[in-house]
Amino acid sequence: MKRICIINPITTLEFEEGTKREVAVYSSNDVKIEVVTVTRGPASIECRFDEALAVPGVLEKIKEVESKADAIVVNCFGDPGVEAAREITRVPVIGPGETSMLLATLYGHRFSVVTVLDRLAPIIEDITLKSGIRNKLASVRAAGIPVLDLEKDLERLMNILAKEAVCAVEQDGAHVIVLGCTGMAGLGNRVNSFLREKGYDVPVIDPVAVAIKVAVLSATLGLTHSGLTYPAPPDKPRVW
Amino acid sequence: MKRICIINPITTLEFEEGTKREVAVYSSNDVKIEVVTVTRGPASIECRFDEALAVPGVLEKIKEVESKADAIVVNCFGDPGVEAAREITRVPVIGPGETSMLLATLYGHRFSVVTVLDRLAPIIEDITLKSGIRNKLASVRAAGIPVLDLEKDLERLMNILAKEAVCAVEQDGAHVIVLGCTGMAGLGNRVNSFLREKGYDVPVIDPVAVAIKVAVLSATLGLTHSGLTYPAPPDKPRVW
Amino acid sequence: MKRICIINPITTLEFEEGTKREVAVYSSNDVKIEVVTVTRGPASIECRFDEALAVPGVLEKIKEVESKADAIVVNCFGDPGVEAAREITRVPVIGPGETSMLLATLYGHRFSVVTVLDRLAPIIEDITLKSGIRNKLASVRAAGIPVLDLEKDLERLMNILAKEAVCAVEQDGAHVIVLGCTGMAGLGNRVNSFLREKGYDVPVIDPVAVAIKVAVLSATLGLTHSGLTYPAPPDKPRVW
Amino acid sequence: MKRICIINPITTLEFEEGTKREVAVYSSNDVKIEVVTVTRGPASIECRFDEALAVPGVLEKIKEVESKADAIVVNCFGDPGVEAAREITRVPVIGPGETSMLLATLYGHRFSVVTVLDRLAPIIEDITLKSGIRNKLASVRAAGIPVLDLEKDLERLMNILAKEAVCAVEQDGAHVIVLGCTGMAGLGNRVNSFLREKGYDVPVIDPVAVAIKVAVLSATLGLTHSGLTYPAPPDKPRVW
Amino acid sequence: MKRICIINPITTLEFEEGTKREVAVYSSNDVKIEVVTVTRGPASIECRFDEALAVPGVLEKIKEVESKADAIVVNCFGDPGVEAAREITRVPVIGPGETSMLLATLYGHRFSVVTVLDRLAPIIEDITLKSGIRNKLASVRAAGIPVLDLEKDLERLMNILAKEAVCAVEQDGAHVIVLGCTGMAGLGNRVNSFLREKGYDVPVIDPVAVAIKVAVLSATLGLTHSGLTYPAPPDKPRVW
Amino acid sequence: MKRICIINPITTLEFEEGTKREVAVYSSNDVKIEVVTVTRGPASIECRFDEALAVPGVLEKIKEVESKADAIVVNCFGDPGVEAAREITRVPVIGPGETSMLLATLYGHRFSVVTVLDRLAPIIEDITLKSGIRNKLASVRAAGIPVLDLEKDLERLMNILAKEAVCAVEQDGAHVIVLGCTGMAGLGNRVNSFLREKGYDVPVIDPVAVAIKVAVLSATLGLTHSGLTYPAPPDKPRVW
């Protein structure tokens, strides 16, 4: 049995229940999923400042959970702290953003990300520049809804996501849609159905789902990040 | 339960047994794996000519197996026929080459491919150019052993793979190793151990393993290739 | 005298006459052009599936004609089998797609391809990614007419090509137009005249013309593809 | 008069004196330079983990100093927190790494970075991928000396830097050298002289010097980062 | 004190007065700025032909002024002769185009250039391809006013620049504006104010200002172009 | 009959005879080749300074010869003045450098340029960056012989070229060789033979030959550079 630990990198405890509900479907006799929440950081992550403040809390949790996890997912599309975390643990650490965008390129010619806020577009584009897949990114579109309001009116959210996904296909040339916020977990199928009704047979990638599956894949195959790219940090005083 | 069909795209029937043996480890109550072999094509795939001749046989098999498969893997690192296959089936079709090299970028800064023959280097480099990850490819190295001879002297093969992997790390700056031939299935852990003995904590990616896992991921999440990138071919006479 | 062999990679024999008519203008005392047609494959090439099925027929013909040709052109914009063909002959093998798009970059800042069907856009974009000239491709536009219908209403075709070429210039920033189907051979000048009437002095590249001229260039200068990139395939059983 | 504030992002207070000494030369009647030190974070920054832990301290200081600074330099080659900082202040925030590598491309065809530890190479390469100048980076070389030991034996450091700079020129094709650690401030001229003695007329860029000058440039010209790329963070609870 | 020499590469002497007026603001006790004008070349630079004809005059001036300058700016956004000049002098030679576009990438995610004439767009795009920052260029827009008419109706020019800058932001996704002609010196602040009124907090980069500041930076830090990239030309007869 | 005019952009009249001799082989009943020499410029072109000084003479000649030429070749690998020339004539203007390197990508995976002097390497690399084919360039190697000495000891030149070509193949991974100086015209076959003797079946591209053939191709097909990329220069005073 593989134990997957999901770290919610925001202090909003209500999200933990939602996350547990969403990820339950990926549990099985072979896969046990635990969800934990950081004790410091921002209430939600919607900018670089939030992202930066989330990282120490994530790193704390990494050390706490590593002994009881076979793979760890940091549950935010911006992958806060993922690279730093890989230096302090040999347990695979998976970031939903990088992972889902790379996998998106397997399913079609070009993908669009539909995320929460416009201001995230440059950040997401920069991830693709670093990964090499900038040419595969058709556009970043935003629902214009803050993370903490996502669940307030799910029907409205669904309508906006569906509309933006259609625009991504019709105007930006997207062939694949990536949901650009882990708070949208579980909505992929509904967006996909909506697109299908419009006549577009377009995969919609739920970054949480993909991240969990790649976490399981890593744990099962015994794959973890390279010790050459992510060697353990040298000893030294550090005041967190 | 998800049914994964592996198509061996070469006519050498002996490989089917080997493949079955290697992939058995990925079967479970949830995953049933079937291996089939094409009835026309080359005895092995070691060049563009072989690759081209393998494709019609692969496409034939795709149509045969699609109704009883939830995902299909074409069992060759060159991914012969994978893109064409996606036009004739809505079942996800996974190519071990593209998939394992994209995933390799998740595990470290730069990867090297260790394959069978030098002549494959330009072909593999071209795949990374198309995928956008050319900058992540440190080098392509070759064992200098034809596909059909791989199993003739497994110790010699292991020694050469280990030596080339070490060279990739020490001379080319590789942080991750990708085995560049599906005929090397099952050797990843041994190469990894060898590298570890040399002091290099470097993931070694077995393309068959990764392809099967991503096939299961696709089937489980209901993800398949985009109908916009891969629309069904128009009707017309075709003489195979 | 240089003998150029043009291989029509589709089984529609009617196209052979059309091709002969179109290429006659490139014959001379110094250049003899022969047109042959494959005996297996699809009736026309409009997708990856067609392309894949066309290849074995092309390779068969390559072996048949190589002794009586100084250069060979595979007469389809998708260049089916061109790379595989180079492994089985030392006679230069020219693909109209790759050749005309590379040459297009010599004549202006950015080019658009006007092809038959929208579904070809990702395929054509991928060629430019591999060639490195993706930044030079302004857009791919399509006439929306299947290959086998191209000659049914030549005036309508001309009107659509002209309109798409103008859109490519005005909306996409194209400075050069490449006709993206060898079935459009001979229409370049008319599209060019139309653009000129609109006030746009824009070269229109006919891929067949350019491919034949580069085939003659190769034959005359004794240039053929590198034996290091395209070494002869190893001997082995192959069931076509 | 322009007030430049330099934030040392490491808790090692001894470095503040060194920094003050090094940057004194850039003070004048027109430019007043202040150096401050974070109160939490790592003793030095040598990996992604250190970098991540340094950021909250940097962001704290940004808010403290912004009212009395016309431009701010974060004094580490890895630019920790620079992008996040730009969201919380409209005072220009300059990162020595990004700035000096971009400027290096103005002085020659290709540059090498000589930094403290090998493990930083992937991090530095990733910065150039994001900036677009990966093709301008000849290599990253390392002195093999931890940051806190840099000043322990200055002659040894100089010898190693000089040796690595020569190797960068002779083996990697570097035409410009960038010192890849702000702890090397003030050594540029000596490395340059050494290269000159070897016959290489090669600029050596001191990232601290360049960052201060670009900070002054920004302050003087009234240039600061775009509010569209770096909008102010939304209000929300944040536990640092 | 650092002596900056600005070479106006066009024969229109009236521009010298304007340039002197504009750059006076950058003079100080520490920086003395001289403006000189070529004695041969075109009246203005608006195409590659003008650029080519301007170069010999620039190179003549370089030799004339190098002994009395600590850094030289060639006062045209197209940087005519800058690379050739670096071969004949060891005094730093700064080009406003390359310099301001590279610096623009420090201030925001993507920049647009607003220049005089549409025909310059391909030339400017080519500079970014060579520099590696093509992905950072959102668009090139033009005022549609020839260089020599720029000052004829300054209000009209301002209105057009402001309108194009707004379009660049709203339609092309620019986060930074670069004025694409040194004849627009001094207008950056007004365009910036206009954008601010529209609600866009967007830096506007004046290429002359930035070039002068980087010239001073080079002179002060003792940085000049690499002798490996720009070795002195061999002796030989040359008829100018 | 197509009239090709070759402009030698250097004042060394002796080269005109050599050029005539070399290009005679490309004359025929259909192709008449004329060679002319500029009356101002450098004795040879070996750096950016030479290149810049050569341009006005080239542009003068362009205007002189355009009425009696169907295509023009500027006979230097650095393509001096080619882009400017295209603005002042509608006759196709071909540059041997850009043309031969683009064509080289058709013949093999990666090419090396063997040129006269090391100092040209950055210039040649920059051309490939602009063309998009930087990834196809394996290396630039130099014979270490100035242009005007090339013919002094042809055997020595041949030996060095052959040696460098072999090194390009064995050490740099070149699959195609491009001769990087038009003064090497006619030597391609001999270098090719030498490589063949070493066991390398590698095309060697003579840039003059390829440029003439592409000039004929352009003239015959009625293709010339885009008026949108190269519009005619505006009228204005210009002092050459």
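Remarks
By written order: A, B, C, D, E and F. Residues from 1 in each chain.
In this section, a contact is a pair of C-beta atoms (placed from the backbone, for glycine too) under 8 Å apart; a residue touches a chain by one contact, two chains touch by 3 or more.
Since this is a predicted model, take the numbers as computed values, not measurements.
Counting steps between touching chains, the shortest path from subunit B to subunit F takes 1. Any chain that touches subunit A and also touches subunit C is listed here: B, E. In this assembly, the chain whose C-alpha centre lies farthest from subunit C is D.
Using mean Cα coordinates as chain centres, the one most removed from subunit F is A.
Per-chain CA centroids place subunit B at a distance of 43 Å from subunit D.
Separating the CA-averaged centres of subunit B and subunit E is a span of 52 Å. With each centre defined as the average position of its C-alpha atoms, the distance from subunit D to subunit E rounds to 27 Å.
Touching of two or more other chains is recorded for residues 109, 122, 126, 129, 132, 134-135, 175, 229-230 of subunit C.
Every pair of chains in contact is given here: A-B, A-C, A-D, A-E, B-C, B-D, B-F, C-E, C-F, D-E, D-F, E-F.
In the complex of the two chains, the subunit E residues touching subunit A come out as 109-110, 135, 175.
On the subunit A side of its complex with subunit E, the touching residues are 122, 125-126, 129, 134. Taken in their complex, subunit B has these residues touching subunit A: 28-30, 90, 94, 98-99, 102-103, 105-109, 131-136, 169, 175-176, 189, 192, 200-203, 205-206, 209-210, 213-214, 217, 220-230. Note for the complex: subunit D touches subunit A at residues 11, 39-44, 46-53, 55-57, 59, 81, 83-84, 86-88, 119, 122, 126, 129-130, 132, 146, 148, 229-231, 233-234, 236-240.
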